[in-house]
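A single structure is presented below for examination.
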Amino acid sequence: MLELRNIHGGYGKITILNGVSFAIPKPSITTVIGPNGAGKSTVFKAIFGLLNIQSGQVLLEGQDVTRQSPRQMIGHGVTYVPQGRNVVPQLSVYHNLELGGITAQDQVKLRKRIDAVMDQFPMLREFRDRKAIELSGGQQKQLEVARALLLDPKLILIDEPSIGLSPNLVQEVFRTLLRLRDQGVSVLMVEQNAKAALAMSDYGLVLELGQTRMHERADRLLADPRVGQLFLGGHVAPSAQGATSPHAG
Amino acid sequence: MSQFLQVFLSGLATGAVYALVAIGFTLVWQAAQTVNFAQGEFVMVPAFFVLIGMHWLGLSFWVALLFGFAVSIVVLGLLFKKLIVEPILPHGGITLIIATMALGILLKESAKEFYGAEAQPFPAMFPGDQIDVFGAAVSLRDLLNLVISLGIVILLTLFLNRTRTGRCMQATAQNPGVAEILGVDVKRMVLYTFLINAALAALASFLITPVYLAKFSNGETLGLIAFIAAIVGGFNQIRGALVGGLLIGVLDNLTATYVTAQYRAALPLVLLIVIILVRPQGIMGTSEGRAV
Amino acid sequence: MSDPVLSIRNIEKSFGGIRAVRGVSFDVHKGEVLGLIGPNGSGKSTLFNCILGQLAPDAGEVSVNGRSVAGMRASQMNRLGVGRTFQQLSVFPKMSVLDNIILAGQEHHGTMLSRLFGAPDAGLTGEAERMIAFFRLTHLRDELAGSLSYGQQKLVDAAMAFMAGPSLVLLDEPAGGVNLTMLSHFKERLSAYNAEHGTTFVVIEHNMEFVMSLCTRIIVLAEGAVIAEGSPDEIRANQTVIDAYLGG
Amino acid sequence: ADTVKLGLVAELSGAGAPAGTNWRDGAKLAVAEVNAAGGILGKKVEMPEYDTQTDPQVSRALVQKAIDEGVIAIIGTVYSGSTMVNMLVAKQNSIPQFVGSEAPAIVEKGNPFVYRTSSGAQKGVPALTPYFKDTLKAKKVGVAWVNNEFGKGGRNVFIAEMKKAGIDVVVDAASEQAQTDYAADVAKIKSANPDAVFVYMNQEESARFLIEAKKQALPMPLVGEVTLTEAKVIELAGNAADGAIAHVGVTATATEVPGIAAFAKSFEDTFKRKPTHDAIKGYVGVWATKYVTDKVGKVDGEAFAKTMHGLCLKAADHPKILLDTCWDDRGEMSRPSFMVQVKGGSPVVIGTVPAN
Amino acid sequence: MRGLSVRDVWRSVAIALLLVAAILLPIGQKNYIIYVLTSWLIFTIAAMGLNLTLGYAGQISLAQASFMAIGAYVTALLTLAGWHWLAALPPALIISFVVGLILGYPALRVKGHFLAFVTLAFNTLVFLVLRNEDWLTGGTYGLSGMPRPDFGLFSTDKHLPFYYFTLGITVIAALALWGIVRSPWGRAFKALRENPVRAESLGVDTRRVTLLAFAIGSVYGGLAGALITPLVQFIEPGSFGLAHSLRILLMVVVGGAGYFFGPFIGAAVVILLPEVLRFTEGYYLIIYSALVIVMLVFVPSGLIGVWGRLKAKVWPKQQVRTDMAEGAGLQ
C-alpha cells in the first residue's frame, strides 16, 4: 500500500529523518511509537508532501508520490489528521466538515456522509452551527477526526488521535478505524497511548532519532521487554538519564 | 433643516464611496488576513488606465472603460498577487503591509511621472442630474454610488458565506495550513481574493473619479479614510465596511458644519476611538472567540 | 483537615446560550492531588479559566488560601503562588527553550528595577537548566521552542508551571502527547514534589492510568456540573461515570 | 567651467507636485531658451533638479546640497512653508533665490537674497479689496480657504483687509488639503448668505468647490486670487466654473500681451498641456536670473542682490520678463495685474489692476 | 555564567569597526552629506524606539512621528526661551514618556489593526493640534531659529561637530536599549509579543509591560525629535505627519523587526538609498519603492537576515541536529 524508501528530510537546513524505510500492507492498521521528538510527525509530513524531502522515495500502491502536494495526495485517496488543533476557527462546525470533503465530486453523497459522522459523534450535530474556535479541545479533535472520514480514503494518516479525547471516544475512534480496515482502508497512526493502540493494530513501528528501529507484528512488539521498558511506561534505569542522549537504554 | 439634510445626504454619498474602498480592505482581510495599504492607489490607478485608453490609444469612453477594467484586473489583481503577495504572505502580515506601502508609492509616483502631476477630468458613467430632496440637492450619481455599494456588500457577503468557494477563501485566510491539508487550492483562493479586490477597486475608481478627478495623489486620503472605515465597521464583516464608510462620511460633514472646521478631521477620529475602546470588535464586527 | 488551599463556590459560566459551568463547588486541601475528569466539553477548562482570571465567571466565588480572588488578574494570581498550564500548546515559539523557562521564573525574583538593572537572566540560569535537564530537554536548550515536537513543547509548558515554586498548580491535560516513559518519570516527580513541598495539584486529564495512579481524589464533571466525587477506585466503579465518560 | 548651474529645488512629489512640476517645466523651457540665446555670461546653463517631496526639512537639505554642488542661483521653492526654511541656507551662502511662494512673511524677514516671481498675498489680496468694496459693493463676505500655509496666509490678509474696509466677514470656512466633499463648506456659506465669497484654495480643491457650489446653487459671486480661474480649474470644473472671478498676476490667457502668447504656445508645444500660473513664475525666475546676472557681469551673489533691489525690468527691453516688473528692496515684486472672469468656459480679462 | 562565544567576539569586532566607520565617514564630506548622515542617526534612534514597541513587544504603533513632534516642539520652545539644549532634553523625554504611557492604554483593550488605527488617529490628532494652535506652535509656519547646543569648548554650530554630537547620543541610546532588551524586561516584552495569555499566567504583568513598551519606545521618538530641532533649526507640523510614522515603520521592517541592529540598516536604506538614487531625477522614488518591494520579496525578515542567507550560500552545510545524530537506544 504505502512504502517509504530511505527518506531523508527535515526543516530548512536541519535534517530530522535519517533514512526512514518501511512498508505497510493493505488493508492494515500500523501504529508508530517512539519517544517525543523521534520524528514521527515528521514522517507523516514527509508522506503528505509537507516536508522538504532531501532524498528517498514515497510509493503509494507502487506509484512514486514523493514530494507531491497535499492536494495531490488527497487525490490519491490519502487523508491526514495532524497533531494538535487544526480547525478553521471562524467557520461553523458544519462548514468545517464540509471543507473536509471539498475535493468530493458528489455533493449528495458528501451530505450523507456528513450526516453519518454526525451520528457517530453526536456532539457535532448539537454544535453544528457554532464556530469551531468555540469548541473545547476534545470537541475540536472530534471534529478533525470526523472530517478525515468524509472522503472514502484509501489510507488515513492519523497523528495521536487520543490527545484530548475522553476515554470512551478514544475507544470509539479505535473502533471506527478497525471498521474502516475491515472495509479495506489502511491506517497509519501515531499513538503515545501505545498499549491500547498496539492492541488493536496489525503492525507496530518503532521510530527513534529519525530512523526506523523496529517494524513488527503489533503483538510481538507488545511483548518485547525492551519496548515495554522504553515506550510503554516502564522504569528508566538511572544510568540512562544522560543529558545528551535522552533516550539511551 | 434643509442644511442638515444637505450635509447629511452628501455625507452619505461620500460615505458610500469610502465604503466601496473599505470593502476592499475587509475582503483582503477576510481572505488573506492582511491589510493592503496601497488600496487607495488601487482606486486611483484604474482611472488612469481608462485615460490612457482614451487619450493614447484613442478608444471611445466605454471601450476605454472596459480596457481599464481589464488592465486593472491583470495589474492590480494577477500581477500584484503573483509578484508581491505570494512571496511575502508566508512571512507574515507586517512585512506584506510594508510592501503594499511601498507599492502605493510606486503606483503614485508612476502615475505622476507618466501622466503628470495635475488633476485630470474624467467622464462620468452616469448622468449627474440633480434631484431635490426636501430642499437638499442630491445628484443621481450620489444615489447610484449608494445603491452600488449596498449591492456589492450584499453580493459579497452572500458569496463569502453562502458558497463553497467563499468558505474556502475564508478557510485559506484563517488557517492556510489546514486549508492546504484539506485539499483547498490555496493559491487559487488567494488569487480569487485579489482579482475580486482589483475589480472592486476599478469599479470604485470609475464611480468616484468624475467627482474626485483623476490625480496621482488621490489614493492617500481615500485609502486612509477607507482604512478607518473598515476598522470602525469591524474589519471581519463586509457589511461593517458599509456602516463604517457611511458613518465617517456623515460625521465628517456634520462636524465641519456644526462644530469646527479646523478640527473637522479630528472629531470623527476621537469619536471612533471611543467607539473602538467601548466595542473593541468594531461596530458591526463579531468577536473572534475563545482565546484560552 | 487544614483550611482549603483552593475553594470554589457555585461557579457559573455561560457562553451565549451554552451553560458551560453550572454551579460547581469544591475545596482542594493543602497537599492534595485532585483529578478533574469528565467528557469533552464538560466545562473543565472553562472552570480553570474562571479560577485563574482568564475568564470572568458569571457568578460564584473563588478563594485561594481563604482569600477571595474575584477580579484578580492571572499575573496577580501567579504571584500568589498559583501556576497553571493550558490544554493547548502554550509556549513562546520564537524564544529559546531556556528563555521560556527563565521567563516563567523571573517575575518572582527581585523588583521591576532590579530586573532592569540586574543580571540579564535574573540569576535563574542554573535553576532553569536543572528544570530542563529534569524534563530531558538539555539538548534542546537553545532551540526555539516553536520548533520542538508536540510532546517536547508540552514538557516545556509543564516545566514553566514549576519555575515559580508554586504552592498550587493547575494542570490542563499535562499528559497529552507525552511519551509514556517520560510520563511515568513526570508522575513520580510530581508525587515527590508534592510530598516534599506540600504543593497542591489539580489535574485535568483524559489519561486514566495517569489520573488513577496519581490522584488522591477525583471529581467528575459532566455538562458543567459535578456528577461524582471520590477516590480513584470509587470513580472507576461508578456506573454513571462509566456511562458518561469511561466507556465499556 | 564653461557652464553655470541653476539649482531647481521644487515640490516634484508629494502634495505640492502639481505646482512644483509646473514651476519646473516653466523653468526648463526658460533654460532651453536662455541656452539658445547664448546662455548666462556666455556660458551654457545647466539646471539640476532637487525634489523636496513637499517637505520643508528636505527642501532645506536640498538647497544645501545644490549649493554644495556649486549652483549660482536657486530656482524654487513654491510652497511657502519650504521657502521659509530653505531661504535661510541660501542667505548664509549669499546665493540668490527666486521663489514661487506668496506668503507675506517671506519678504518680511530682511533676507536680501530672496526674490519673488509673483507678488505676495499681502499685495495680491489687497488688490481685490476695491473690487469687493466698489465693484461688488459687498457689505458682508465669506471666505473659503484651504487650511495649509498657503491658504492660511491668504485668508489672514483677506480678513485684515476686510476689517480695514469695514466689510463683515460672516463665514470663515476652512477645508483640508485634498478634501473631496465640499458639501458642508458650501452649505455653511449658503446659510450665512454673504454678498460675495473669497475662495482661496489649490487647483483641484477649487474645482471641487466650484462643482459643489453649482450643485447647491450658491447665488453670490465667487472671487479668488489667481488659482480660481486657471485653465486647469476650468477644465476640471467644467461649466461649474462659469462666473468665477479672480485677480491674476500674470495669466497665460492674457494673450494680448505678446510675450505671454508666445510663452503659452511654446509651453503647450513642449509639454502638451496648458501652462499654469506656476509655470509662468518658474519661467520668469530663470529669465530674471539671466538678465540680472548678465547685468552684473559676473557670478557674485552680493552684487546680484544689490542690483535686484529697486530693479525694474521693462518688457520692451527684456521681452521674456513678459510684463514690466519691479522688485523692491525686500525682494517683493510688483507688476500690472488683471481681473479675470470665466465666461463660456474660458477666462476673460475684465479689468486691469496697475502695479502697486 | 557562559563565557564569550566566538560569535560574541565577532560581533564586538563588527560593532567596533562600524563605530570607526561612523566616525570616519563624514570627514571631508560636503555639508549636505553630513546633514544626511546626521538625519540617518536621528531616524535610527526613532526607529530603535519603534523596534522596541513593535519588533520586541509586538504592539503596532503608527504614531512614532508624533513623539518626534513632541520631543521636537518641547525642545524648540524651551531652547527658544533661552534654555540650554541639555536642560530642555529631560522635559522633552519625560513628556514623551508620559504621553507614551497614555497612548499605551488603548493597547490594553485592543490589538492588531484596531491598535494601528488608534495610534494612527493619535498621530493625526497631534498633527492637527500642532497646526491649529498657532499661539503655541507657530501653526503651519512652524518654529525656526532654534540654536544648536554649545558645550563651552565644543560648539555644535557647524555640521561636523553636530554630527559627532548626534553620534555620541546615538551610541548612548543604543547601549541603553541593548541593556533593556537583554534584561528580563526584554524577555517580558518578547513574551508579550508571542503569547500574552501565557505570559500573564506566568506572572508577567502584561498591562504594565505593554504600557512600558509604548512609553520607552516613545522616549526614543522624543529623543530623536529633540535632535531634529537643532539639526534643522526649523520645525513645522507637516514633518511629523502620518507619512513619517509610516516611514519609520518602513525602516523597522526593512531593517528587520525584532533585531537589535535592524533600525540602523533600515534607516540607512530609507534615508540614504533615495539620496543615492537622486541622479535618476524624476524616477528616483519609483526605483526606490520598487527596490524596497524587491528587498521584501527576497528577504522578508529584513535586511539583517541577508547575512544568514549569505552564510548559508557560502557554506552550504547540511546540518544534522545534535540530538538526531546521537547513537541509538534500540538496536
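Order of writing sets the chain letters: A, B, C, D and E. Residues in each chain are counted from 1.
In this section, a contact is a pair of C-beta atoms (placed from the backbone, for glycine too) under 8 Å apart; a residue touches a chain by one contact, two chains touch by 3 or more.
A quick note: this is a predicted structure, and the numbers were derived from the prediction, not measured.
Among the remaining chains, those touching chain A and also chain E are B, C.
More C-beta pairs touch across one of B-D and A-B than the other; that pair is B-D.
Seen from the Cα centre of chain C, the chain whose own Cα centre is farthest off is D. Centre-to-centre separation between chain C and chain D, using Cα means, comes to 74 Å. Chain C and chain E have Cα centroids lying 40 Å from one another. The geometric centre of chain A is 75 Å away from that of chain D, both derived from CA atoms.
Chain B and chain C have Cα centroids separated by 47 Å.
Counting partner chains per residue, chain C has residues 45, 54, 86, 88, 139-140 touching two or more of them. Contact of a single residue of chain E with at least two other chains is seen at positions 197, 282, 285, 322-323, 326.
Along chain A, residues 37, 134, 230, 244, 246 each make contact with two or more other chains.
The touching residues of chain C, when paired with chain A in their complex, are 15, 38-41, 45-46, 87-89, 133, 136-140, 147-152, 154-155, 173, 176-185, 206-209, 245-248.
Interface of chain A with chain B (complex): residues 48, 50, 70-71, 74-75, 80, 82, 86-91, 95, 98-100, 102-103, 131, 133-134, 147. Residue ranges on chain E touching chain D, taken from their complex, read 30-33, 35-36, 39, 131, 139-142, 144, 228, 232-234, 236, 238-239, 278, 281-282, 284-285. Put simply, chain B touches chain D in their complex at residues 3, 6-7, 10-11, 14, 109, 112, 116-121, 130, 137, 139, 211-213, 215-218, 220-222, 249, 252-254, 256-257, 261-262, 264-265.
Those residues of chain A lying in contact with chain C across their complex are 11, 34-38, 40-41, 83-85, 123, 134-139, 141-142, 160, 162-172, 192-194, 229-236, 241, 243-244, 246.
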